[in-house]
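These notes concern the structure reproduced below.
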């Protein structure tokens, strides 16, 4: 099947159970955002919980192509990711972040979507390498490549490079830490179910 | 255990001894490695020492070299050679001006599409485009990865000369071994 | 010096006096003592797991030439706390079609079983938690509860509605059940020499001359010692015996479908089991709470510190082995148990019986 059929099919995968109703804590936080003692509590809770999530990011051990070799190198001795508490887990249930590293083919895209659906909230996606950002060198003329993983799942951080340097990797993860630290209990619930339309982005230069 | 269990008792003892010896050799190696200094480059460093700097010729982010005398302030003459040769078609130039005054009005490079092959730098007749050792380029929106004329000009001010790639010499033997770091 | 025993005795006397003055039946003192003991054990297990996880990551890192956690707090000391806080926030997923009761109770049962072993360890000369009921069958108690650990693993695997979890759980169950037999025989050797199943009596016999009276130095107990170490390592699923949770084989084995706090409970139970094996080895072979300098300890250190120190040495040794050896395949695992360790266990039993007759 072609790219258009793939995109249509991926929008309606019935893999995920309906998202449970919003947690009472978040509802309470949203109601009491204005001022007073609850706001102080919400701020402290935000800081503590966001720091915990950022300092202990477990990523899904899952690699596609050359950028996967680079991500293995980043986890190895010379550029150690365990220094930041970042640790690989084999199962999506226990992983916080999915590093999509490498070229995404049409055959693999439904698998990636299923893995993303199986991850437990709160979850983040990092697109590593130009093939995952936009199809990269395969954007023109390749019949089997999905032009960018953000046509399939919503992406939080893009790390360009072909492949990116390990230091570039770590810099991208630090930007993810900054993103995580800005989240709050009073925000809308983390993304669940189908991604909104704006994530299915068509790639055109002006 | 082997499929044919016809080992004698003494041979079995020998196997066990051999196994124990190999385990002890392994434990010895691990123990020695525990006390060796780590090879980790602690990027980003917090102890004041400088971070790792790429060697000259590292293909990082793009820059356009400045030239104060030309219109547009850049060496670029908008000849569109880089746009034509790019295998990923990630460069888009809108030229303006006539003759010697030709310069780019808009110069877009998509750093999320490029494969860093260096062909655009090689083919430029005036050495206007270069790749810098900037590697910290991750963003949260892919649109921010499209480099515009202004961003390229800014980065070009830091790197006034194109950085040359050193081709490997024909008599090069091997990469120099990395010394273990003492931290 | 035995601070825990002294404090416990003093508290007990205090409470007995108060309860008698307030006309409350004396059995409530016992109940209160049990509750307090239970809470203390749970807190201690949490603390130990926190420390052990950090130590494991650092030791693994230094052996592999890198640095472990270093950015979270000074020298990375707060890493496990952050891990626990993060696991609290994760969504709790029960797979569709899974047996909800089994899925939820699996980690609970496993944790319960791993915790029960701490009741019979003699922490000091007067402070076994289960001293109330005067448990003189300590070794049997430990073996019984380590057998029950299999149930926790199987519940996790079956309740996940996932064939690879089930495979991991079945392999784990087979491994744990098979390795209990050589472990039992090795422990029987020690019990034969000591003449009692009670861990307190075994420790008391090793305190006389300090270092020299430990069971470490008796050559007829060396084979049981090595056997116990290997089989206990197999019980707690450390490499080279971690086929139930092997990442490259079965995603994550029996805890594939667990997220959030349930997974944290499995994790905690594993590390508490790890430390429990260290404690048992210290009690049986390294003299328990007795100091190496003789029974009235000339340094006046608290006795439980000696025990915990010895257990940590054993745990560190197991970590050292963990990061050295590759994983055994499941058929190699079973062959090792039934074809090598079990005959070796019988041989050791014969040796110890003969020595026991003439010594």
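Letters A, B and C mark the chains in the order given here, with residues in each chain numbered from 1 onward.
Keep in mind that, in the parts below, a residue touches a chain if its C-beta (ideal position, glycine included) is under 8 Å from a C-beta of that chain, and two chains touch if they have at least 3 such contacts.
Keep in mind that what you see is a predicted model, and the values were worked out from it rather than measured.
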Chain separated most widely from subunit C, comparing mean CA positions: B
Chain pair with more C-beta contacts, B-C versus A-C: A-C
Going by CA means, which chain is nearest the middle of everything shown? A
Subunit A and subunit B: spacing of chain centres that average the CA atoms, whole Å: 24
CA centroid of subunit A to CA centroid of subunit C, Å: 38
Can you compute the centre-to-centre distance for subunit B and subunit C, using the mean CA position of each chain? Integer Å is fine. 48
Which subunit A residues reach two or more other chains? 77-78, 80, 83
Where in subunit B do residues touch at least two different other chains? 38-40, 42
Residues of subunit C that contact two or more other chains, please. 61, 64-67, 70
Please output the residues of subunit B touching subunit A within their complex, sorted ascending. 38-44, 51-52, 54, 87-90, 92, 108, 110-116, 135-142, 145-146
Tell me, which parts of subunit B touch subunit C in their complex? 1, 16, 23, 26-27, 29-31, 33-34, 36, 38-40, 42
Residue set of subunit C touching subunit A in the complex reads 57, 61, 64-72, 76, 78-79, 81-83, 85-86, 88-93, 96, 247-248, 251-252, 255-260, 263
Listed in rising order, subunit A residues that touch subunit B in their complex are 77-80, 83, 130, 133-137, 139-140, 148, 150, 155-162, 164-168, 170-172, 174-175, 179, 201, 203, 205-206
In the complex, go through subunit A and note every residue touching subunit C. 17, 20, 48-49, 51-53, 55-56, 61, 76-78, 80, 82-85, 89-91, 93-94, 96, 120-122
